[in-house]
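Below, chain A partners chain B and then partners chain C, in two separate complexes.
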Partner chain A sequence: MAFFIKRGSKKYPYITARVRAMKSKLMPREVYPKLMNMDIAEITRFIEESEYKENVDELAQQYNDIDLFEHALNQNLARTYRKLQRISRDEPNYLITEYLRHWDIWNIKTILRGKNYGADLEEILDTVVAAGQLGYRQLTEIAGMNSIEDIKAALDLTPYYPVIEDYDGAMLSDVENNLDKLYYSRLLASLGSTKAEKLSLKFIRTEIDIKNLKTLFRTKKADLDKTIIFELLIPGGIEIKTADLNKLASLQWSDFLKALEDYSYWSELSDVVSAEMDSLKDMEAVLDKYALAFASKISHYYPLSILPIFDYMLNKELEVRNIRTIVRGKEAQLADETIRKQLVI
Partner chain B sequence: MVDISIADATVEQIIANQKGLVAIGAGLAVGLSGIASGIAEKDIGAAAVGAMAEREELFAKGLILTVIPETIVIFGLVIAILLIFM
Partner chain C sequence: MTVQDVKPTRSELIELKRKIKLSESGHKLLKMKRDGLILEFFEILKKAKTVRAELDEQFISSMEKINVAKSVEGIVTVKSTAFSFKDTPRLEVESKNVMGVVVPKIESSSIKKDINERGYGIIGTSSRIDEAAEAYENLVDKIILAAEIETTIKKLLDDIEKTKRRVNALEFKVIPELSEARDFIILRLDEMERENTFRLKRIKA
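Presenting the complex of A and B:
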């Protein structure tokens, strides 16, 4: 498939300029402190006047309050990503489509997890983001199915089928891990050797590192066995290679922290990580911020490449996540400081 | 084809020959610089349309940036005029 795609940078000026214009419409970081000072009704009004207006208007009849937020944000995110696919051609389109498979994985996991815990259709659809190959209607259909066999049959033509083929309702975490691994192995394998693809590799492999670091922190904190931890990690990181993963997975908590000092991520982590840390939230926020800064940095190095587009996709996703964090935080009446720490800006 | 050696050529023939070469030079100056500005404008134009599709107010800026490489062909034109009229 990748063989037939027209390569080269000819297609980038249009899409990158358009994406940069789209990025300028994202919420500036000064808005978040303002949102923090509003109550939920005020935030709703603010969102209704922003880029999300169309989605809020469209869904206002179906949903109320927080549900409306969730659905409007998810719909907007999905539509934005679909728009990127629509306005791009050839190489950028191919790379965007491959990258967006991440949402298919997310949706399949959400549905399987929901079914596993007996969530109803509404709850599952709250979290579905139809930005990948599977559309919203198809996902609604799949989420409405009751037996695992039906779900598997509905997915049998997708590339994800081999992973869920043997799933029988038990060991959901294995399926989830394998889906993640499948996504990244497909993504890494689909990227060839043109300059744009090499750049995408750099971005994606950094993403893998960050994902692995988060997994390592979580599993180390929970004191899991070395082999279980290693199973959860995704091979292919740029700095933390498979051998390093193996080594890090087998270390004790304090040695693990010491070993991390050898990697460049330590300069970001050193402030929030300590042997006595209780919550991992700060660490995750710091890593997300690092990913954002890294994406923005390399997108400036290579302005006519896929990187500004990846940068935008990441920014958009985090914007949606930040708004959701604020709204959910307000709803749960969390302290402002707690919410602020969760924001990635 | 008539074989004219320079030694046998009349003054008129030599002048006509030189005028021909000047005309070719002028043509090349305009033609090549036109192609060059075309190549340069192609990407800028595509980018300008992309930006404009999202934000209409960028029309004026986009237009100005798109025609900046036009200077290349104007230089070519100036050279051509100098060649022909001087």
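Presenting the complex of A and C:
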């Protein structure tokens, strides 16, 4: 499909100008410490006076309390992403669509999980976020289907079909992992060879490194076999190449940590990683912060490229995540320090 | 059994003596059983307290982990991931004997799983989900252990109470009544013997 897309920076001035305007509406990082000092009632008022007001009002009859905010945040995110798809043309539209495919993948996974569990339509639709190419109506139709065969038939014209083609209701985790791998392989294949695209490729490949690092930490901690671990790693990382992945997958936990010192990510990880670490959540938050900082840094190099758009999409997703972390964390009475460490700002 | 109901005969006396002997040995045995059960109860109580404390601790930790997952990943993600768990834990309840008391022994399977066996894909999820799932697996394990121990305690308590009632009934009702009846028969038999002797003397005179 990439061959039919009109390439070139001529397509970017309009969309990047719109994205700049949209980015200016994102919450500045100074807001989060203020939110941390507010109680739930104050945060509620704050959200109701923000960009999310319309979504909160719209969903107020359907949900209550914190669930209302979460669904409003998700709806806003989905609409923002769909708007980006709507206002973009040609190459930017193609790249945005490819980047947002992880939401389609998320929704397909959710529907298959729901069917696997025997959840009803309402429950499945509650967990769907229509932020990708598949719209809410299309997802409702798919979720309403009774058999796996019908769902597969409904997706036969999508790029996901080859992965779900053989799915018969067993080993859903393999299908999920293969869908995620498909997402990154398509994303890598979608980017061309201009300077801006090379930099975008660097961004995506850094994201792959981060994903692989998280997978390595989780699977090493769980003491899985190296062949199983290797199957779960995504090829195409910028710094951690396939040979490195193979090596890291076969190391013991302590040797694995030592081996990580050879990579640039270690400077980020060294403070939160140790041989005795109980939880990996701080490690994941640190890597997410790194990805955000990297995206912000490179977004200024080529203002008329996909980079500022990727940066905006990442920032928007993290804004939603940060607000949700604060609101839910406050509601669950998590320690301020725990909440603060999970914020990606 | 009141004294009036007792037939003052030798055979009855022999029967009563046999019953008293049996009751006394039964009383001794039941007292030993009660003491044994109490000792066993305190042993299990210690274990129950430890398991309860661990359960409380595990519950707090599980709640914190699920709250972190709900906060960072969102309820939507947690709910969606939960859909991928299809297997329900299997429990097999067997029974074992503690000093004559039948107590349950619960064997569980399919609770603890490796992260690649939980049903969800690893690439698209996070360690917060793993940690919440693992914490809840441990919690379910602890709940099953606590259920086994606490049911054992309940059954032991019931049996201690039952044995105590039996011991008290034997000690304060059955044995005293039988002894009273035995004394009454002895008294009546002695009296009858005296009457007989007196009657014989009167006839001779």
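Structural remarks
Here is the rule we go by: the second predicted complex is superposed on the first by the 326 of 345 C-alpha atoms of A that agree within 3 Å, B and C clash if a C-alpha of one lies under 4 Å from a C-alpha of the other, contacts with A are read in each partner's own complex, and residues count from 1 in each chain.
Everything below uses one rule, namely that a residue touches a chain if its C-beta (ideal position, glycine included) is under 8 Å from a C-beta of that chain, and two chains touch if they have at least 3 such contacts.
If you're wondering where the values come from, they're calculated on a predicted model, not measured in any experiment.
Of the two partners chain B and chain C, more residues of chain A are touched by C.
Chain C meets chain A in the complex at residues 63-64, 67-68, 70-72, 74-77, 79-86, 114-116, 118-124, 126-128, 130-131.
Contact residues on chain A toward chain C in their complex (touch as defined above): 67, 70-71, 74, 102, 105-106, 109-110, 113-114, 116-117, 119, 123-124, 126-127, 129, 172-177, 179-181, 211, 214-215, 217-219, 221-222, 224, 228, 232, 234, 279-281, 283-285, 321, 324-329, 332, 334, 338-339, 342.
Within the complex, the chain B residues that touch chain A are 43-44, 46-51, 53-55, 58.
Residues 13-22, 24-25, 87, 304 of chain A are the ones touching chain B in the complex.
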